[in-house]
Amino acid sequence: MSLRHLRVANLSKTYGRQRALVDVSLAFAPGEVTAVVGPNGAGKTTLLALLSTLVRPTSGAISLGNDPLSGGPAARATIGYVGHEPGVYPELSAWQNLRLFASLYALTGAEDRIEAMLKRVDLADVRSDLPARAYSRGMLQRLALARALLHGPEILLFDEPSSALDPMGARWLVDELLRERQAGRLVVLVTHDLDAAAQVASHLVVIRRGRVALDRTQPEGFAGAEVRALYQEAVRDS
Amino acid sequence: MPAQTFQTSHSSPRFLAACVITFLLFLIACNAIAEAPREITMGLVQKIFYFHVPCAWLLMLSTLVCAGGSVAYLFGGSERGDRVALSAAELGVLFGMCVLVSGPLWAKAAWGVYWQWEARLTSSLLLWLMLLAYVLARRYGGPSARRLAAALALFAAIDIPLVYFSVRFFRSIHPSNTVVSTLGPGMRGAFWLSLLAFTALWAVLLTARLAVESAQARLVDLEIELDQAEEKRT
Amino acid sequence: MTASWWRYTFLIAFKDLRIEGRSREVLYTMGFSAALVVLVFSFALANATDAAQGPVTAAGVLWAATLFTGTVALARVLDRERENESIRSLLLSPAPRSAIYAGKLIATSLLMIAVEVLLTVLVGVLFSTGVFTHLGWLALVLVLGTLGFSATGVVFSAALLRSRSREALLGALLFPIVIPVLLAASRATACLFDPLSPDLEPVSFWTRFLFATDVIYILLGLWVFEPVVIGE
């Protein structure tokens, strides 16, 4: 895994009359999970969309290492994304979905990688011809993670991944995030769940009304109460 | 924030001069049209031609300008291009209506029917429908409305020669393109004056419409700046 | 177009066709709607004594029904990407966006052509015309006409992906643009259906016209697809 930092400098995004992000500057490090939290409509999802290169900023720059992060195919191959929806095809089975994505990312040794990935997300025992439509919400989210990790991305982006999961699913997700952190991946997690944020994050960012209200890195992690206190402080109307 | 006076193009002296010139051009053109000799077979009705043809030309011009603006917006991210495209499309709908109303009035007198499915008429109708679709797409197209409309404008611009040639395969009773050069001297002068007057009107309307759009965009920017300033104070 | 570009194109086309193969949703819904449209037209245009009207009416009804219901195929091939946000996964992959366009173009066209074959048989029966006299030419006209429709349709359908007025708008935006395709295809088909006329000259003309139109639409679609889908 490479050790490039993801940097965002003076990033702004305006949608017509609405300024979603204003002058945001942040740095994300590999081997670090950054939790991005904030009130509804604060601009967290916009930030993630910009990091994924699928939305272009109104102004500002994003760079990975020393190079600007363009929207080109090479850049996209370094990114893995897990959103609210699993981003897979419900008519196809897990194997078929992953084979498709392996082809899209032109991966070699696809069969072995898929097998290993399904084992990792604990979907190896599912009937191989069962379409994803028949999966439970938790299973779908696990498949989504398999899809996002299959091509070995440098950057992992999560958009409120635990929003529809049950407590066991949420617990599994926390474990996976910690595992990725240890593997040295660069993870950005947008979430409402402050407890989950506390459990996995070593870098906390609070976005409020499109701006960075708090940007703190603590390698030893955060305590749950600490995150809550920091959040309240950052979003308080003074 | 430095104080800025925002001057709309409506109050600028150049714009007012353009309006006056356009008005004068119309006066001169109408006079020339009235003075122009009556055509032998059709009489007074033929003079619809002096209004109909410039409107058709402006329909065409509006489409081209709309397509140009759409390219600038879609590939260059030009907001101004997008505003130009919208303004041009609306003008195209307006002048298109003039074409589609004046044409049948003339046709009834000349051919005995209000409508014929031949190349130029069909192309004009379809072009008008496409510009109408553009305006529709802008309003109801959802989050990607502007991009959708821009794509529509490009397909529309490309499509017009196709429509024209596909219908032309069939016999046409619409007056041919060369009718302008066969006009007598009195008529030719009136025609070109009319064309000039209408084009000036189009340019004035486009400028005014663009100014409205630009003003709205500027208003949004000001609102945002105001919000920001308030936030800084709190 | 490199080999890799074509690989992506066929990968995406095959994926869509395979998904359709599972559910057969487009075939059933579009097929059924189109058959109904043909039936409606044959009732509305019923003229039992005038056999000479057969070929022209049959051709016109065939293509009108295809266009009206073709939006179903477009909606499924593109809309279904929206449901699970698989469109995001697709756009995030290294696949060139123009290849996504081309892949969806191929998939939509093939699905539509499958329905059109059924429709051709149906109009042949209802309007008492020999439809398979010039099979080669007919196949060519069906393919070219469908490509013209899909080339534009995929762009607009993709642009409308996040719009609530999707269904209402797609037809309204698409139909004026594809009129030349409709004109050329139905004229050519009418000649092909005519049992009395050995004259294939107009067919040749309209086929060449369709080919040129398709090339123009597809080139424009390839060019415009990416900024339309990823923008702002």
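Letters A, B and C name the chains as they come in the text, with residue numbers starting at 1 for each one.
In this text, a residue touches a chain if its C-beta (ideal position, glycine included) is under 8 Å from a C-beta of that chain, and two chains touch if they have at least 3 such contacts.
Being a predicted model, the structure only gives us computed values, none of them experimental.
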(request) Name the chain pair with more contacting C-beta pairs, choosing from B-C and A-B. (result) B-C
(message) Per-chain Cα mean versus the mean over all protein Cα atoms: which chain has them closest together?
(response) C
(request) Please indicate which chain is farthest from chain A, where distance is taken between mean Cα coordinates of the chains. (result) B
(request) Take the average of all CA coordinates in chain A, do the same for chain C, and state the distance between these two points in whole angstrom. (result) 39
(request) Mind checking the centre-to-centre distance between chain B and chain C? Centres are C-alpha means, answer in whole Å. (result) 32
(request) Measure off the straight-line distance from the CA centroid of chain A to the CA centroid of chain B, and report it in whole Å. (result) 48
(request) Any chance you could list the residues of chain C touching two or more other chains? (result) 231-232
(message) By the touch rule stated above, which residues of chain A touch at least two different other chains?
(response) 56
(request) Please name which positions on chain C make contact with chain A in the complex. (result) 4, 8, 11, 15, 18-19, 22-23, 83-86, 88-96, 230-232
(request) Would you pull the chain B residues touching chain C in the complex into a rising list? (result) 74-75, 126, 129-130, 133, 136-137, 140-148, 150-152, 154-156, 158-159, 162-163, 165-167, 169
(request) Would you pull the chain C residues touching chain B in the complex into a rising list? (result) 152, 155-156, 159-166, 168-169, 172-173, 176-177, 179-180, 183-184, 205, 209, 213, 216-217, 220, 224, 227-228, 231-232
(message) Looking at the complex, which residues from chain A come into contact with chain B?
(response) 14, 16-17, 19, 22, 56, 209, 237-238
(message) Which residues of chain B touch chain A once you look at their complex with the stated criterion?
(response) 77, 220, 223-224, 227-228, 231, 234
